[in-house]
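Both of the next two complexes hold chain A, though its partner changes from chain B to chain C.
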Partner chain A sequence: MSDELRTSGTNSAAREPYPSHVKGRRLRILGRPLGFEHWALLPLFLFLLLFVLYPTVELIRAAFSTVTTTEGGFSWKFSGLDNFYTMLGDEVFRAALLNTIIFVVGGVALQLVLGTLLAVLVERSRILSGLARNVLVWPAIITPVAISVTWWLILNSEFGLLNRLLEAVDLPRQAWLASTFWVLPALILVDVWHWTPVVFLLVLAGLANIDQTLYQAARVDGASEWRVFRSITLPLLAPTLVVAALVRTVLGFKVFDEIFLLTKGGPGTASEVVSSYVRKVFFEQVNLGYGAFLGLVIISVMLLLFAAFFGLRSVVFGGGRTS
Partner chain B sequence: MVSAKRRGISRREFLSRGVKAGISFSALGMFLSSCAVTGEQQAGRGSAPISIAINQSPWLKSFQSIVDIYKEDTGNDVNLRIFPFEGLRSKLLNAASIKSEEFDLYTINEGWAAQFYDAGFVTPMQDIDPDFELDGSVIEYDSVTRWDKSLGYFSKDGPVYGIPINGNIQLLYYRRDLYDEMGLEPPETWDDVIAATKEARRKLDSNIYGYTMRGKPGGYAVLYDYLPLLRGFGGDIFANPPEDYSVTINSDEGRQAVELFLELLSYGPPEPQAIGQADQLALMQSGRTLQTHTPNGAFPLMDDEVQSSVPDKIGYTVVPRPSEGVHAPTGGIWVMGIPQHIQSSQKEAAYSFLQWLLAKENHLRYAESSGIATRQDVYESDLAEQEKFRYMRATAASSPYVTRGADYVFGSKVHEVAERRLSEIAAGLLQPKDALDTMADEIAKVVPNS
Partner chain C sequence: MNTGLNRKLYSFLTEGALLVAIVSTLIPIGWLFWNSLRYSRDIINPDNPVVLTLYNYKSLFAGGSTFLTLFFNSLGVVLCTTLLCLLIGALAAYSLSKFRWPRAFTPAVLGIALFIQLVPPIALVPALYLVLNSFYLYNSVTGLVLVNTVFNLPFAIFLLKVYFDSIPDDLKEAALVDGCKEGGVFWRVMVPLAAPGIAAVSILVAILTWNEFLMALSLTSTPDAQTITVGISSFLQEFNVQYADMSAASAIATIPLVILAAVAHRYIVTGLTGGAVKG
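Let's look at the complex of A and B:
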């Protein structure tokens, strides 16, 4: 066979995938002929155009417009930065943003700690580890609505199991979902219970990739378990933990189901978060322009978070390489 | 030398192309399926079959029963598309905004009827049938069925946009067995309610709450329960809509109302800001509260032997008034409107269904299935004498006093402000006077052209 046909294909200059007599018939873009792999991407491209690019453009358009209902439809009028100034004066949005940040920081921190602890315990366990791996993931696969109803039955001031238990041991019952002090911690607890299994799975996979000879060498040198964890496990798990933190932070910012079903943002604005507030602006106030602007703000915050995380990863881990 | 034969692709290249094609065609498949009309939706198309968007509610079962009767009587098909209460409005707004033909009838709560009427999302009945007139026995609930576009408000002279299909109005639910035990008559005034509360604490189970009111915000929940107190004292949110939208919620009458609100809350659960409708009804059904005011649509739950610990023990009467004030139960009516943009044949089919439903004999059958009728003659019929339908006497007595809720075109913004501030008052987070003044300022800002 010709040496030319054995060319690996990594050097595009040397590669000649198409016989020369075929070249002239193919459609070209930027000088490159379109092959099957390009045409195969066309449906995906159309899908992205219609369901990602077009809605994004419409969202941006609405964000800088005033949208009103009239004559059986909606009318749009460009309003410049009006929605921006509205946001600046909107104390409910400020409260929602602050609550969301507290919710995310508190929830993600607890999930990382608990998820890592559970993964380390399960990974080292000799008995029941298989059962534990299966049971511990159950909360993550239950629908959020079912979880919210379950926790409502636990945390409800009047009928809840938790207050019944407190009363049974002569302790005062608490307004878990009705107190401005307790409501966010209670919702964080629900979120941690729901999503720690995801962190657990990620960390468990990360632990499986750590070279066991490192542990053996450390133990031979007399290192304690805590020293082994701190100096070997944690540094090697760091990329996994960063990914877990990113995933949970992004999803934490999108929290909606538990808030909507358990508290509806109350009491007052004590548990209002950005997603529940944007829903109110869109579907209760029908203030579509302002709701679109708030949506755009949230997307921008998410993009900044992504950029920050990837920047952190490349600075701390040198582009993701750990060795 | 390059062979003239087309060279084969490597396994890696084959797999790469296969994955790309697979992803692309999956995306195409998703795109195409999102454009498809489902079999369930197709059942609603055609001249006779209609599709109704409706909410989950205590009265849904009765509506399903009457729809089954309609199907048997007429041979026409009706497809009920059921959504959660909070999700129904957004579904309808989406359908209206894209002029979707998905629904032939919109079930509209009076709280957002103004928005739908004013936006032209539903068509006046006279546009479908120029000879249309509402039967004189149909209760119009303070003209919630009619809209005057020039005024931008409800008007008894305006065309009919919505047909009332569920006559939810507030009633006082009270434990008649405990009232009898205490030797008390059903309460007429709020003073009577408070006296009964105190008597119950003295004579009866100390764990029973004297009065339960909602304090948990929920779109239009706390304000809805608060309005009978405010209007009972002669106050209101605005001075005289649509002529005068000066905010009066913090007037002297408003202050009296909020004091009564706080007093009634004090006889109920210690965290009223956690009490939503589900909790309120559960407390009544479990026998843990002496009395509450809530829509008559919940009456079937009280006598349900499976769900209620106090079947046949609940009495109904008109929502009390202040000693020097008036009864002012708030309506929570549901109307059905026909979308403006659907085909004429579908409009006619939907109109026929509504006409059938409003006919007295069919409305009686609806009421027999525990539906909340919207015809006065049903409430004055023999049905009202039956023990099971004892709520009807209270409803008939309440009809002359019913007021519309906070129903304005910009009403949802008023609801959002009022819900939050009233919930904060209930939670003790704000002093009443400060809260009322703050609420008034915030409501003034949402009035168009304020």
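Let's look at the complex of A and C:
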């Protein structure tokens, strides 16, 4: 990404200076006469100011305050690091954080494996390739709320499809969404069904970029299919897989809809994740300051993750890819 | 001989595995549609004889039902959000792509856009509530349009900038030399050339907005402003699940998406992969 930005910067620097008909104006912004490019950015900036900058400032302010609701608004009282100390002693948040990490790591790992497998299969397939390319994408665009309903109809302990199938082959039923043991695996299953398509599509695009002559050369040399996959496909796919993992991790941390609808974080705190817990702090405990602090912690974690990713990427791929 | 047999076995295994994947994708969706065609009492009593009916769909859309309001609210939010995202996103992406800005400016704007993608939306809900409330837009379709626009703009800008970047600068210079104004260059030259990108962005923003749940749940309080996703969630209450309504409503939310997936597959793929890679 930073590479791409740098190139676009040098490109524009090489461009012709400003067209003549705007040159005479007096008002200058960022060292340039006011022109179409400024007006074009104005709506975006208004939006960013009102809906991103202001909420972020409020979030930071609330994170270090005790906020109480009053008639039609909130009243703030600065409370320093109180919310931080609350967090340190908050076992539910700790459980939510741990659950989120298990959910994300488990889900993303399975999605990477399955998505890559499916993409490789689709590339090799002759008969079902077209159908698979289309159908395997569907879950990624279906309404998450509808997906939750769908899986509720499958995982429900009384008359869900899964338990009926288990019963048909004489296996014991399970209370998938009501058991502290099964609830996270069940939610990971839903997430894998839901989001493997995105990994599948990214890997498919990555596979299309691999030079076919490499495969031919390897086969001429007598390499087995597995060897071709391990020594050619996988190394060349590595950058794609890293991006896929990052994208899915970011989205995984935001997971809300399915958890909220399928389990509400229960039983107990067995499937509580950070988003569902922050919502509870906001709406059920009406503790806006503490909720904001937790929100800020999550945002910081995401930013750190991102910084680590770009740092790692420049170390791992930096050498060969300074285009 | 041996390799020929091997190849046949490989191809058989490949197609077999894909068939399993396709079936596993379709079974849950099929199960939802199957249940949406059954009465509540049959859904909870699997041993009842199979009776299929369109009753659930009819009752959802019956005169005076709130679901109809929610449905049109969703359509309105989708339409306005998509248009607003395209307008603001295309203008901003074009400005960043085809004009000379100070060195750190474009990365900074894209960085903010990236930041929006990273933030879990729930963290901003109280502040967004305050913003909407101060404009008397809490519990309004307009409010939802604005909030959805914010969360979809980054994606629109990233993808459209890629498309504008791929259009040669010469075209702009040529149009300017021919006497076109900057605005004219944008509308008459650049926007038509970026049409595939605009199509991909529209379709994906429309889908994501149609699917949006958290903001609609948190920033509305009555059916006047609520969307179809909030309606579905209200059928799935812990102690009072309305099985049939919830299945039929979910099916209604899903149908347009499946049609879109079949028809506009290419744009969806562009949107999902392009947005992910650049975002």
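The rule is simple: the second predicted complex is superposed on the first by the 280 of 323 C-alpha atoms of A that agree within 3 Å, B and C clash if a C-alpha of one lies under 4 Å from a C-alpha of the other, contacts with A are read in each partner's own complex, and residues count from 1 in each chain.
Definition applied: contacts are C-beta pairs under 8 Å (C-beta built on N, C-alpha and C of every residue); 3 or more make two chains touch, one makes a residue touch a chain.
The shown structure was predicted, so the numbers you read here are calculated from the model rather than taken from an experiment.
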Message = Do chain B and chain C fit side by side on chain A in the superposed arrangement, or is it a clash?
response = clash
Ask   = First (chain B), second (chain C), both or neither: which does A:291 touch?
value = second
Request  = Based on the superposed arrangement, let me know which partner A:219 touches: chain B (first), chain C (second), both, or neither?
outcome  = neither
Ask   = When the two structures are overlaid on chain A, which partner does A:177 contact: first (chain B), second (chain C), both, or neither?
value = first
Key: First (chain B), second (chain C), both or neither touched by A:121   = second
Inquiry  = Between chain B and chain C, whom does A:70 touch in the aligned arrangement: first, second, both, or neither?
reply    = first
Query = When the two structures are overlaid on chain A, which partner does A:257 contact: first (chain B), second (chain C), both, or neither?
reply = second
Request  = Could you say whether A:94 touches chain B, chain C, both of them, or neither, answering first, second, both or neither?
outcome  = neither
Inquiry  = Counting residues of chain A touched by each partner, does chain B or chain C come out ahead?
reply    = C
Key: Contacts of A:230 with chain B and chain C, given as first, second, both or neither   = neither
Inquiry  = Output check: A:280 vs chain B and chain C. Expected answer is one of first, second, both, neither. What do you get?
reply    = first
Key: Intersection of the chain A residues that touch chain B with those that touch chain C   = 2, 5, 9, 16-17, 19, 36-37, 40-41, 43-44, 47-48, 50-51, 72-74, 158-159, 260, 264, 282-283
Ask   = Can you name the residues of chain C that touch chain A in the complex?
value = 10-11, 14-15, 17-19, 21-22, 24-26, 28-29, 31-32, 35, 43-46, 87-89, 91-92, 94-103, 105-107, 109-110, 112, 114-128, 130-131, 133, 146-147, 149-150, 153, 157, 165, 169, 173, 176, 181-183, 186, 207, 210-211, 213-214, 218, 229, 232-233, 235-236, 238, 243, 246-247, 250-251, 253-254, 257-258, 260-262, 265, 268-269, 272-273, 276-279
Chain C contact footprint on chain A (complex, rising order) = 1-2, 5, 8-9, 11-13, 15-17, 19, 21-22, 30-32, 35-41, 43-44, 47-48, 50-52, 54-56, 58-59, 62, 72-74, 117-118, 121-122, 124-129, 131-154, 158-159, 161, 164, 193, 197-198, 201-202, 205, 225, 243-244, 247, 250, 253-254, 256-257, 260-261, 264, 274-275, 278-279, 282-283, 288, 291-292, 294-296, 298-299, 302-303, 306
Request  = Using the touch rule from the top, collect the residues of chain A that touch chain B in their complex.
outcome  = 2, 4-5, 9, 16-17, 19-20, 36-37, 40-44, 46-48, 50-51, 69-74, 92, 156-159, 175, 177-180, 260, 263-269, 280, 282-287
Interface residues, chain B side, partner chain A - complex = 1-4, 6-7, 10, 13, 16-17, 20-21, 23-25, 27-28, 30-31, 86, 89-90, 93, 96-97, 99, 115, 118-121, 215-219, 269-276, 279, 282-283, 288, 340-341, 412-413, 415-416, 420, 423-424, 426-427, 429
